[in-house]
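We just call them A, B, C, D, E, F and G in the order they show up, numbering each chain from 1.
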Amino acid sequence: MNGLFLINILMALAWGAVSGSFSELNLAFGFILGFGALYLIREQVGTGAYFQRVVKGFGLALLFVYELVLSAWRVAIIVLRPKIELQPGIIAFPLTVDRDFEITMLANLITLTPGTLSVDVSEDRKILYVHCIDVPDVQATIDDIKNGFERKILEVFR
Amino acid sequence: METGVTILIGLFFSVAVYLMLSKQLVRMLLGIAILGNAVNMLIFTNGRLTREVPPLIPEDLYVPATATANPLPQALVLTAIVISFSFFAFLLVLAFRAYQELGTDEVNEMRLAEPENDQTPPQGY
Amino acid sequence: MAGSSQSVDLALAMNVLPVPAGDWLVVAPSLITILGGSLCLMLRKNTDLQPKLGIGFLALLVLANVGLLIRVLDTGMITMVMGSWLPPFGIAFTVDTLGATLSLIGSVVAFCAGVYGAATVDNTGRRYGFYPFLLLLMTGVCGAFLTGDVFNLYVWFEVLLISSYGLLVLGNDRIQLDGAVKYGVLNLVGTNLFLIATGLLYGIFGTLNMADIAMKVSDLENPASGTLATVAALYFLAFAMKAAAFPVNFWLPASYHTPNVVVSAVFAGLLTKVGVYALIRVLVMILPASRGYLADVISVVAIATLMTGAFGALAQSEVRRLLGYLVIAGIGAMLAGVAVGSVLAMSGAIFYAVHSIIVMTALYMAAGVMSMMGGSSDLRRLGGLYQQNAAFAGVFLVLGFAVSGLPPFSGFWPKVILVDAAFQDGRAWLGAAILVSGFLTTVAMGRVWIYAFWRGGPEGTPDGQSVSGMPGEPVQLAGAAMWLPLGILTALVVYIGLQPEWMLELSTQGASGVVKPFGYLRSVFGGEG
Amino acid sequence: MTAVVEIVTGIMLIIGASFALAASIGLIRLKDVYMRMHAASKAGTLGSGVMLLALAVHAGDLAVVTRAVAGVVFFLLTAPISAHLLAKAAYAAGYRPCADTKEDALAETVRPKG
Amino acid sequence: MRTIIFRTIAPYLAALMVLFSIFVLLRGHNEPGGGFIGGLIAASALAIFGIACGVASVRRAMVFHPMGVAGFGLFIGALAGTLSFFKNQAFMTSQWLIFDLFDVEVALSTPLVFDIGVYLVVVGAIGSIALALEERETD
Amino acid sequence: MTQFETFAVQFLDASVHIAFALLTISFLIIVYRTVKGPSLPDRVVALDMLVAVGIGFIAVIGVSTGFYLYIDIAITLGLVGFLATVAFARFVLNRGLAGDKTIMDEVDESIARREAGQ
Amino acid sequence: MIDDTTLYAVLAPFAAAVIAPFLTRWFKHNAAWPLAIVPALIFLHFAGFVEPVSRGESFVAAMAWAPGYGVNFSVYVDGLSTLFAMLISGIGTFIILYAGGYLKGHPQQGRFFSFLFMFMGSMLGLVLCNNLISLFIFWELTSITSFLLIGFDHLRAASRRAALQALLVTGGGGLALLAGFILIISATGEIEMSVLLSSPDIIKDTTLYLPIFLLVLGGAFTKSAQFPFHFWLPNAMEAPTPVSAYLHSATMVKAGVYLLMRMHPLLGDTVLWTTVLPLFGGVTLLVGTLLAVRQTDLKLMLAYTTVASLGLLVMLTGTSHEKALEGAVLYLLAHSLFKGALFMVSGTIDHEAGTRDVTKLGGLRSAMPITFAAACLAALSMAGLPPLIGFVAKEVLYYGTWGWPGFGLAVTATAVIGNALMLVIAAAVAIKPFLGPKVETPKHAHEGPVLLFAGPVFLSVTGLGLALVAHTTGALFIGPTLSSVAGRIMEVDLHLWPTKINAPLILSLITIGLGIALFTQLDRLRSLIAGALAAIGWGPDKGFDQVVAGIVSFSGWLTRLVQNGKMQTYMILIFGFTAVAVLLPGYLTGSYPAMPKMPEYRFYEWGIFLIAVLGLIAVLVAKTRLTAIVSLGIQGFAVALIFMMFGAPDLSFTQFMVETLSVVILALVMTRLNLSPSDHRPWPAAVLTGIVAIAVGLGLTLTMLAITQQPFDSRLSDFFAQFSRSIAHGRNIVNVIIVDFRGFDTLGEIAVVVLAGLCVLALIRVRTRPDKTAQASEQEAMQTQQAEAR
């Protein structure tokens, strides 16, 4: 699927080159054309899934932004408090997703969501270590993530 | 308009020179980096300063509508920036290799080319 | 969309007259070296092809410069403004006799170095860019000699500086890294001073074309005043550093003996001379009043340089370091010419520059042969070379006498001219210094000769006996690749010594070109000059 | 119309700047590097993003808008990565969180050097 | 740096940056940008790619040695200026070929070629420096 | 020009200045953190933040001057800022694993602080 | 009469020098015969001038050499030069033959011949050249060739020393001479000797007479071994005897005398001249003879008497008195003949008997009768006894000195003592080895081959012959020569036998008596002088060594002082000078800027400045690498913002990129390279460097203020703005400048970038210790490429 994506971009570029204008509009147009072209040859390329994934991906992105705003707000509140009372901690989050792409996605989402920040993934890719800025109850946080992002990701990519 | 920048440039030069007068190669390099910036700003300022208006021609015109910043020094500085960057990169790696091979970053201790106990020239015939 | 639709009178902005193909000789040196250099770079993995390509392009370079000099001599100065923009708006290359001559001699030296390098530079050296460095070094050198634009001159200085860095560290020995650190930092300071001065000059006149600046300077009612004097002083300092004049010459003795000998040869021949050239171009041609203002300073510097060079040479036991100091002494002689500033003096300086380019390169190459034959370049460990190879000994002797300024070799004529000019200018001390420095050089070279060549063997060889090589057993050198360049350069030294007239003409023409730059201005701006 | 745009722009600018300031304050007030990362990677990113969009809004030119959006997306992609890399590096290097950090799951996997 | 998260996403970032760099290069003649800046951006992309996925993979991706690319850039940069020779004009006199394609004006010119040369030089040289240092790091 | 429009103009002008003020303050704070440290990662975080604020600065300048071309600079700054952070992270990691003197001192200090219960 | 053949006659020996080695390879030592033809022909050529010259004519021939500098290869044939040319070529002929015998079988005899010929040509050029510069060139050539000849036996340290000594003393004098000539040229505007001679007072009238006189003297005295420069000549006896006979008696050492005689009309007959020359000449005469007496080595005795004779010649020339000058010319001729002969004799004795030590020689007359005869004739001439030319010369010179109104008496006395001692030496050299009882010698002595005795015999016989036809000699040789020395036509009337009892005759008798008396006391005299010298214990010869050693060690000291290998010193000096360069001219020309008014910046602009300053300070005080690097980034960002502030988007664009990449590269490199927490600068150094740094910054600020307060000529930028779009089709003027208006800068600049990349590659890859990982990964990449290729 990476391959397709890059090909798509390349087609957009090719269009831009021939049309002699690299205005974003023109490139987007080129991208759409490329997208259509790929759609026509979908059997040969054999990635019909690519397209509805793109759609779902947008949904994910929206969630993502919303969470970001929320977490930024939280941080702001925290640091502006006259007295900072926090219980930070680094917790081990057992992963269900196992593909590189999914793990990456999850980790990034976690980082951008309130109070959590992915520090590392264990060698065996089973555990994601997360630093939480305020974690009175570890298990609660873990469940929170499990039912939140991880499920969403599984929906999108499975 | 130029005055403040000019004084700032003077400061840049002083700091750069002071660092370059250090015995330690690393500090010299920091000085060289700053020196590069100082020189670039000097050229830029010598072309006189205009606030904000970049030397671009609007889509619908053939000459700038208003008085723009002086483009020539910008081009010159652009060249100078890239050149000084290239030299900086080279000297940095050179310093590293010298440190690796000579085991010191104190320039005064780099005495292979001109040894401390330099032989006196031969006498007689 | 792009402005093609609007029609403007091109003649307002550009030179619309057809440019004769011959004028392209002006850029030929830069083009040949850049194209050649990048080609060698692309093919750098093919270490067998490198020398062929490199030497081929260097030969082309020599031919181009010959053509250029001939054209300059019979059609007068040539100006080409890059991009056809009218001067002073575009970058002008203005070639006068001075530039063309130095460019030619420089390329000859580079060619010889290229050939010599084929024998002495190993595959690693080739793979990591000996020939690209050499070719692009020549881009810088020729560009500096030919350009008529101050900032462009700065760019070429940087080109030749960075390529010299490359050549200097090519072997990556510890001593080279040490030398490179000092060479690198000090020279970078030098070019930065140059750039500062140029920036200030631009701030004063708002232009970068040499001819344009020269005109504006001559229009000033007080051409040596304030800021301009500062600019001149900065230029002098910057170029004095480039030329390794005392007391800012430290980088040279600290580095010149460290790289592969062929690299030292090129450096000794070209780098410092570019500094002197720039000094002549900027101080004598563009800022004559300021030169007069600085004349006494310059002559003091010249005397000091002549002396440090000569004494420094006497103080060395390592041949290549000794030669490094001789380079400095030569710079002193050229500075003397700048200090006097008359046509005679400049012609002397130019002639001396040509001589020095050839003879110093040849001497370093000879030093390489010496250390190959004698297994060392230390006067203590050398000996018996005269018996090993009389022909080579003869070559060295000729070069030694030439560098000492003894007749009938190339060094004699410029020395006489410079002394004459100094006396005529009432600077007896300057003239005396040139002669004394020449004498001390004779002592130094004489010592090298009696130790390395006449003595039977290394220090401690019993008197009257010889250690290495019995008489009549010559040691063969590494074939033509080392002999040819040495031969060419030595032949030039002798030929110029016996037939100085053409060099005299060239240098006199070049000198009057910079002292009275009307021709230069006319070449750039047409009639109005 | 332009008036509305200007007001929106102004508001976005102030919001963005405030987020940036908040993040900076976090940089000072929070106790250890890991907590400071929270501030930087969230408030910081959002702040710059919002201000970029403000510029786009003010421009009101689709070309600028698309570019701004592209930029913001890029920040959103990179911010967590840099935070993650830095945190991992810091911990692997042996930097320990402040004493308030009760739970430290990594403690047993990574041994401090020195 | 051996971390899944980074390794997974780095190629996309690099691709994006290269795309952006080309965009910056091509619009340079009319808007801020051009060969240097484009080249520097692309070089940074290579650096990120290298840090994340190892230098060897970058070299494989580039096929040619970075210095070769730089040399090529210099070569075409110089060559672009010689076109004017055949029109009896001075060196580096710009030559423009402006034509309409689907009633969009396309402008091909020697300055453009030259700027592309600049771009390649910067990508090649700076990239080479970054990669070389990166390799040394791993010893 | 309606009252609303004049207000809008003044409002934008004011908010630009406020934004500048806030950003300048953040800038100073960041510089302080950069110089003070105490640890390398702290400084890197600061630099990361510096880039973010720089982007904001550019955006505000763009608004105040009406030159939208600055947006490209902002984006580029984002790109290379990321690169810088990555490089520094890498620096910290390699040096840390290599047991670099300066880093180890800071590490020990951090451990000491943790044990001291701060 | 004259044509270019004379010029070619001067050049002929050089041609011979080229062919000599080949001939020697084919004919061995017999190559001497064909080779000797060359000087013989030259001799005949100049012999052809004798008759016209004796009629007072003089000839000039010239060919252009370096007309651009007024230098011609031109000859001036008059009495003086004819005499010298004939001596050089004539004696040269027999020297060549002699060398053929003397170096028989020597592996480098061919090289020896060519050195000899090169010298011959140089010497001819010296005495014939009319153009001052070309005269000087040949002058230096004689020094160079004699350097090679003295050092011919180069394996012996003594030879090397002697050669270097000769080169430095005569070469050094040569430089003085060059200076003198250049002064003459720039003072008179004339460069041809003949032109100068046509107006004799041309130099005396200039204010530069004194320096010219002294400088020319410097050249002449060193070349002609006048005290205190005499020491190199005896040392030069290290050379093979043919060389001593030719260079160090007959010809080269006479070059100085030639010069004095040649320039006598121009420089002579002044108080200065008639005081300095006789003084130095006289001292040299006495020193030379006394030192000669002390020697026991034949060659050394002769060498010192040569010194003495040169002294005598200089003394006589110094009188500027016609008769004395006549005596000088005569003695010059005589000396060349007898001294050449005697040197060859000594060489033959050495060659045949195996020693030159007078005390180890005796009774050789039966073994070597012909040599003995030649020796006797030469010795008689040297002793100044009739019927030989030496006698005639002595008569005339006594006549001259006696009649000289100047310091006549002193000069005469000196001459008498000198000549007496000459007689002693002559006896010791010629009589002692041959007469008396036979002494056993290392080799069994017998008469040498013709090659060896041809020379001595001919020269000594010539000495006799010229005396017998004294009148003709006077008319043909002495008269014309004297005329050129005196600068006007002179008649000379010579006769062998004194016509009446007069002062000269009496002086001669005194000389002879004194001489014989001293000869009987020779051994005592010898030990006496030896004792005296031992008492002094120092001489110019020792002085020479001390001077050379002194120069060398001084230079060592000086160089270590100025080139102390300490980078920091270098940097401080350079920036110190920078500070001077930016501050001093402004001060001297009183062009410091007017007091600027407070600039009006907005608060955030102040903020940017403040950040820059903070960044700088942070770099300055940074204790760890990363602090330094990051702070560097901060000041760089500030610079980028300043560029943006003043409408330079492209710049700030690039600056941001470059700063970040610099920082990245720093981070990549500095992992190994550590920053020591404080740069150890003791407070004096800190103060000094601080002052330098502040001075540089201040100076540049002042200069920039002064410049920016002036109006600016923006005509270039206006041009670019006007045509950027309409002609160059670009709306971004900066970019158009970069790729079009000033594209050539950019071309150079990308060359710099490429080279920087290559430099770094070379630095990192080319390792004394090969770098595993780098090679590995590159190979990996290449392998995959090949894989893809397949």
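The rule we apply is simple: a residue touches a chain if its C-beta (ideal position, glycine included) is under 8 Å from a C-beta of that chain, and two chains touch if they have at least 3 such contacts.
No experiment lies behind these values; they were computed from the predicted model shown.
Chemist: In the touch network of chains, how many steps separate chain A from chain F on the shortest route?
Modeler: Shortest path length, in steps: 2.
Chemist: Sort the other chains by how far their Cα centres are from that of chain C and give me the top one.
Modeler: Greatest centre separation from chain C goes to chain A.
Chemist: Farthest chain from chain F, comparing Cα centres?
Modeler: G
Chemist: Compute the distance, rounded to whole Å, between the mean C-alpha positions of chain A and chain E.
Modeler: Roughly 29 Å, centre to centre.
Chemist: List the centre-to-centre spacing of chain A and chain C in whole Å, with centres computed as mean CA coordinates.
Modeler: Once rounded, the distance between the two centres reads 62 Å.
Chemist: How big is the gap, in whole Å, between where the Cα atoms of chain C centre and where those of chain G centre?
Modeler: Comparing mean C-alpha positions, chain G is 25 Å from chain C.
Chemist: If you average the CA atoms of chain F and of chain G, how many Å lie between those two points?
Modeler: Each chain reduced to its C-alpha mean, chain F and chain G end up 71 Å apart.
Chemist: Check each residue of chain G and list the ones that touch at least two other chains.
Modeler: 157, 160, 164, 552, 555-556, 560, 563, 565, 567, 571, 575, 578, 625, 645, 649-650, 653-654, 657-658, 660-661, 664-665, 668-671, 674, 700, 704, 707-708, 712, 714, 716, 720, 722, 725-726, 729, 731-732, 734, 738, 740-747, 749, 751-761, 763-765, 768, in rising order.
Chemist: Hunt down the residues of chain E that sit against at least two other chains at once, touch-wise.
Modeler: 1, 3, 5-6, 9, 12-13, 20, 31-33, 36-37, 40-41, 44, 47, 67, 70-71, 74, 78, 81, 91-92, 94, 96, 98, 105, 107, 122, 125-126, 129, 133, 137
Chemist: Note the residues in chain D that touch 2 or more other chains, in rising order.
Modeler: Each of 18, 23, 25, 31-32, 37, 39, 41, 45, 47, 67, 70, 74, 77-78, 81, 84-85, 88-89, 92, 97-98, 101 in chain D touches at least two other chains.
Chemist: By the document's touch rule, what are all the touching chain pairs in this structure?
Modeler: Those chain pairs satisfying the definition are A-D, A-E, B-C, B-E, B-F, B-G, C-E, C-G, D-E, D-F, E-F, E-G, F-G.
Chemist: What residues of chain G sit close enough to touch chain F in their complex?
Modeler: 603-604, 607, 610-611, 614-615, 618, 621, 624-627, 630-631, 633-634, 637, 641, 644-645, 649, 652-653, 656-657, 660-661, 663-664, 667-668, 670-671, 674
Chemist: Can you check the complex and tell me which residues of chain D touch chain A?
Modeler: 18-19, 22-23, 25-26, 29-32, 34-35, 37-39, 41-43, 45-47, 62-63, 66-67, 70, 76-77, 79-81, 83-84, 87-88, 91-92, 97-98, 100-107, 109
Chemist: Under the stated contact criterion, what part of chain E meets chain G in this complex?
Modeler: Residues 28-37, 40-41, 43-44, 47, 54-56, 59-60, 63, 66-67, 70-71, 73-74, 77-78, 81, 91-92, 94, 96, 98, 107, 109, 111, 114-115, 117-118, 121-122, 124-126, 128-130, 132-139 of chain E touch chain G in their complex.
Chemist: Please name which positions on chain C make contact with chain E in the complex.
Modeler: Residues in contact with chain E: 1-2, 4, 14-15, 18-21, 23-24, 26-27, 31, 34-35, 37-39, 41-42, 44-45, 80-84, 132.
Chemist: Inside the complex, what are the residues of chain F that reach chain G?
Modeler: Touching chain G from chain F are residues 20-21, 23-24, 27-28, 31, 34-35, 37, 40, 43-44, 46-47, 50, 54, 57-58, 61, 67, 69-70, 72-73, 76-77, 80-81, 83-84, 87-88, 90-91, 94-95, 98, 100-102.
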